[in-house]
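Labels for the chains are A, B, C and D, by order of writing; each one numbers its residues from 1.
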Amino acid sequence: MTTDIKAALRAQAIETPSWAYGNSGTRFKVFAQPGVPRDPFEKLADAAQVHAFTGIAPSVALHIPWDRVDDYAALSAHAAGLGVRIGAINSNVFQDDDYRLGSVTNPDPRIRRKATDHLLACVDIMDATGSDTLKLWFSDGINYPGQDDLRARQDRLAEALSEVYDRLGEGQRFLLEYKLFEPAFYATDVPDWGTAYAHCVRLGEKAQVVVDTGHHAPGTNIEFIVAFLLREGRLGGFDFNSRFYADDDLMVGSADPFQLFRIMFEVVRGGGYGPDSGVAFMLDQCHNVEPKIAGQIRSVMNVQEATAKALLVDTGALAAAQAAGDVLGANAVLMDAYDTDVRPLLAELRAEAGLEPDPMAAYARSGYFEKVCAERVGGTQAGWGA
Amino acid sequence: MTTDIKAALRAQAIETPSWAYGNSGTRFKVFAQPGVPRDPFEKLADAAQVHAFTGIAPSVALHIPWDRVDDYAALSAHAAGLGVRIGAINSNVFQDDDYRLGSVTNPDPRIRRKATDHLLACVDIMDATGSDTLKLWFSDGINYPGQDDLRARQDRLAEALSEVYDRLGEGQRFLLEYKLFEPAFYATDVPDWGTAYAHCVRLGEKAQVVVDTGHHAPGTNIEFIVAFLLREGRLGGFDFNSRFYADDDLMVGSADPFQLFRIMFEVVRGGGYGPDSGVAFMLDQCHNVEPKIAGQIRSVMNVQEATAKALLVDTGALAAAQAAGDVLGANAVLMDAYDTDVRPLLAELRAEAGLEPDPMAAYARSGYFEKVCAERVGGTQAGWGA
Amino acid sequence: MTTDIKAALRAQAIETPSWAYGNSGTRFKVFAQPGVPRDPFEKLADAAQVHAFTGIAPSVALHIPWDRVDDYAALSAHAAGLGVRIGAINSNVFQDDDYRLGSVTNPDPRIRRKATDHLLACVDIMDATGSDTLKLWFSDGINYPGQDDLRARQDRLAEALSEVYDRLGEGQRFLLEYKLFEPAFYATDVPDWGTAYAHCVRLGEKAQVVVDTGHHAPGTNIEFIVAFLLREGRLGGFDFNSRFYADDDLMVGSADPFQLFRIMFEVVRGGGYGPDSGVAFMLDQCHNVEPKIAGQIRSVMNVQEATAKALLVDTGALAAAQAAGDVLGANAVLMDAYDTDVRPLLAELRAEAGLEPDPMAAYARSGYFEKVCAERVGGTQAGWGA
Amino acid sequence: MTTDIKAALRAQAIETPSWAYGNSGTRFKVFAQPGVPRDPFEKLADAAQVHAFTGIAPSVALHIPWDRVDDYAALSAHAAGLGVRIGAINSNVFQDDDYRLGSVTNPDPRIRRKATDHLLACVDIMDATGSDTLKLWFSDGINYPGQDDLRARQDRLAEALSEVYDRLGEGQRFLLEYKLFEPAFYATDVPDWGTAYAHCVRLGEKAQVVVDTGHHAPGTNIEFIVAFLLREGRLGGFDFNSRFYADDDLMVGSADPFQLFRIMFEVVRGGGYGPDSGVAFMLDQCHNVEPKIAGQIRSVMNVQEATAKALLVDTGALAAAQAAGDVLGANAVLMDAYDTDVRPLLAELRAEAGLEPDPMAAYARSGYFEKVCAERVGGTQAGWGA
């Protein structure tokens, strides 16, 4: 069985986000860190380090306009030269003064047009980079009851989504992201999986739901949503991160590793694991106080450990206990996998692949961080604004 | 305009639940109250009082098996004699030892069969009573990760729902209720509106979603769900009550009257108000510490007041402010209606209908409570168990 | 009785925060607005408008270093010339790169010293401006389990608070603010009222707790905390705002006006109302999408309306119903006051004081907003960063 | 180091609650289980099994009146004969119709007297059984705003607590428990640790706070409270259980094992571990759907595993990383302990103590469950009501 698990783990691919390598923060303060990239090329270089030490982070998500470049072919080639490739294109229709009252759901048709045009331009970038996935997150919503018409905003949303959907080419898809709140506080236009799902179903197969693990109300059972969307054939992927309270964007697996394990178990159980599943594993995090590249390496490792544990579950014993109504027995089968220390297995896996067994230590030894700190002096550090 | 509002208010109908007249409580204690009915006939008599004093509570929901009788025609006739009628039939598949691990989603096919048979029997009671609405709430879920297979439970749920759906006759429908948690603590099989919606869409037009206002995670915007379901044509009705934290089942409008107003505003705005809308207004409450009939009267009045305020919104001014992006102006239009004291208007409305202007005081003066306290001695008080 | 209520309302004073007049936003975007002040003097001018139209906003809180000036006497004189005065001094130890891992609780003693020195400098500004209140909010906390020692951070906090406490002069006090989360996500060093209370009790009478209405976990009963702190003699004041989910900083009374009423009722009932109570009513809000001066006027009016309703409660009838165990009767007494439309009373009160009855409309007619939009061109708009 | 850890683990004592062996459920249904005890003597027999197989559950908490007997000396002797002893006495002032509107905070002085007398009677039982700990949990609170006076209820609470405090003998203490909500829904009289703490501080050293891990609002950092109370010398003990949403009373460690580990780490770090610490580890759970004795064994093991991991933390390395501001390094030290599989260590520990290495399997093999199922026929099964 260990052989099968290792094979499955070797096939894993976790996408890191270009913006995780830039500065980030809260509304209170963005703390600048040394060595932070100044442009998309340097972000890719950092992302390539994560892949170099983990072996399972071969692609990098872009955020437009933060990662806008003149020549996407050059950017793709740069990535290839670093041993990585460009992944999902993330649209951004929330950082222009025009979007104060919304983007595609704005009451002003001029602004809606502008926002939709941006989304269409993102598909152009998909064409230019070979990316097959467009990720759509809308900060749209309202802060006060009555501020705008909840239903009219759905009509506008549907119209924009439909136009973008029709623009998608062969082999392209979009993932619609939902989020309970922030930056809108009273009502968000895509607040939950049900809303995203309903829009996707109306549009067709190329529209799927993406689950950001930090975007739910307290008490929400995320793995249930995962299981349900897989059953409906509508789970497009994950934006992984951790939260204790709101959308904290901490390192995935750092707040509730057991939850991450349960999610990965449902992914595997529901056929969402593996290259043919169409389920993308992406990180979406902010390293506000910790170093960024190391933070990404640790995060990738956390997903890998949760995956290994999920693959370890004795599904035969589990099914037998469940069928027998053996509550404690069934729970124990699951917990037995979770309680297992999979770090030796993963160290072995890495060694077999020619990697260092301990990616964190190996990265620290590499001197890369010191190098970029020394080199990246001057210029403007990348962040959410650029 | 006041004329229109009055006409709209005269057409309102709020259904009270038979179980609100019996004893209820928490897992810690059910406090017995004097005068509580001993059987469904006495429950109907109490419900008729609510209608007599408010004029807008003409129907009574039944709960099976709590309200099982030998002769439903006799029960219907009894209701008619009291000036009320039988409303929705509520199924109950959570109070038999067999349902410890679930009813229609139980791993044991024998128990699933038993549960589904109960649901079908409820449709028989609909036929016998002339009720057009079956309300389905499933307590099904699991307490521990791994206890049962989340996805298999959805398959079993879909199978049972399909069988019940096929049994529905002309003019009959079922409403599928969702609930975040309780009595299941780790995962509930119908935890949110998205799950209920997806099952209903697969089944067809006779399957609709019912929104219980106490069944959401903290921070959930309920009026958004109302607006969305109305847009999709899938809002079947409400189970009204109030909550501060969980499914507290307090008097509707007592915890957050502004939220109730916002919900009613979306109902009206989305075409969910009025006899032709198909949206049922039902109460689902527990009067654990307060008197039950008076508690129902107050609750009906709270819904009526919220409705009156919702009807008072100057929709023209609201639309204009929204279109202009006037955040404070649009909010002010809504708040102006909410801040209005509609009690004089409603007193006038009642007087015009030949009712006492103050239902609470009139009921207190009527001596009904003292009468039933004196009469209903001996026997077993109705409660959740009977 | 109306006479007494009017007298009480005339004595009300609500402090507006200088930072509410500058730009603000979320981590995603700060939307710039026209006419925003460029310096503390212009902020005071805007605040004076709020007082001019409401008559009950005579003081303005400062935030240091955002409102740092060379000559505080000149700033005080400027305020006096505008008909307002300087209120609480708010310290800020969260916007320096040094504070990435905390200010007064930072593991590095050099940074702790720097932070404490800033707090002491704020007392100097109190001396210079005649302010009697220092407001202490610490963003200090950690994002990851293990990141720092929870208990050692309390020791460091106690040490800094003690040093600041000893520096307070005659007639000066500090208010310690608590907050559940943000910007720290795993653990905040002053997360709840109990923590603030315990530190204050150890220090002495000049240390009191301030309640920010947006800083609690879901389900928290804020009016309970108010009642409890008043009973203990430790309620120093409020930072008023509204929230639906987290620390949304919306206009007070906009999300849950009933809650605001309940809070004001406990304030009045517990002796926290009136100039001698020592309980400061302060706003702490962000007008991210709505105009700022108008937003403050509306907020002040919302507090005033809630106060008027709280004063309207028939406390004799309430006490009688409570003593009799009359659940519905007691609740009805409270609701009767809440359901009253107090806007006519407040319009009358304003007219008697020589103010326009409708502050929002009067401000709009005044042309002030258009004037500052025209005048305040160039320079750097004030915001959280300056 | 392993030697020290083993020594520390050998000294651990976890108290199981008599009521965990009886039937329990939710307000919807109590599912009866086979083999359930009919009286306190049989409950002690079941509890003795938990101790027999784990070796670390030597005492059993009683709940009065559920465990009322004529002869407490006989009950104590029975316990001793089974190898266990009687632990904390839990008072119950929530299951009498008189307590509908509260017990010690009831507006009716007669009922307050009755409730306080019950608490005093519990101290009598402490004298009779040799128990040194009284656990006080009050379900007191109100369901509706205005229902009763929040502050007056605190006065009444203080009065009752003072009377009970004065009755405590040499070497006796009481633990005051707090709970956010349930069964009261609007306001609970002891809703949070701050309230319990403030009352205890006023009373003296014999009054301490007990932390029930299921009694907090979402997002509350429980280990912070633990650290804070230990720093203040006021942590009396734990009521351990797990929750996903409310007070679910699931097996401790089953919902969030990482949280349990963090709590145990703060206990150890703050001097709360070990027989001299005065911190009692108690379970307070309901096994609604799973078998009860096995559920208790599993729970005791979960606490033990979390303790072992907490003891494994390399505190020297942790302190060094914290002092250096090494966020990822410090977190990694903590996670390294958590990720360790401690089950082999614990199996070894048990073997050294003459126990079976796998308590769950050993208990299953013992045939005890089958034996009591066969023997305990007839009579009334114990539950919350008896």
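Keep this in mind: a residue touches a chain if its C-beta (ideal position, glycine included) is under 8 Å from a C-beta of that chain, and two chains touch if they have at least 3 such contacts.
None of these values were measured; they are calculated from a predicted model.
Steps from subunit A to subunit D, minimised over paths through touching chains, total 1. The interface holding more C-beta pairs in contact, when C-D is weighed against B-C, is C-D. Mean C-alpha position of subunit B lies 40 Å from that of subunit C.
Measuring from the averaged C-alpha position of subunit B to that of subunit D gives a distance of 38 Å.
The set of subunit D residues touching two or more other chains comprises 101, 143-145, 147, 180-181, 186, 218-219, 221, 244-245, 254, 258, 289-290, 327-328, 331-332. On the subunit A side of its complex with subunit C, the touching residues are 24-29, 31-32, 94-95, 97, 99-101, 139, 143-145, 147, 180-183, 185-186, 218, 243-246, 248, 250-251, 254-255, 288-290, 384.
By the touch criterion given at the top, residues 101, 107-108, 143-152, 154-155, 180-181, 186-188, 191-195, 197-198, 201, 216-221, 223-224, 227-228, 230-232, 258, 262, 266, 269-270, 318-319, 322-323, 325, 327-328, 330-335 of subunit A touch subunit B in their complex. Partner subunit A is touched in their complex by these residues of subunit D: 218-219, 221, 244-245, 254, 256-259, 289-291, 294-295, 298, 305, 327-328, 331-332, 338-341, 343, 360.
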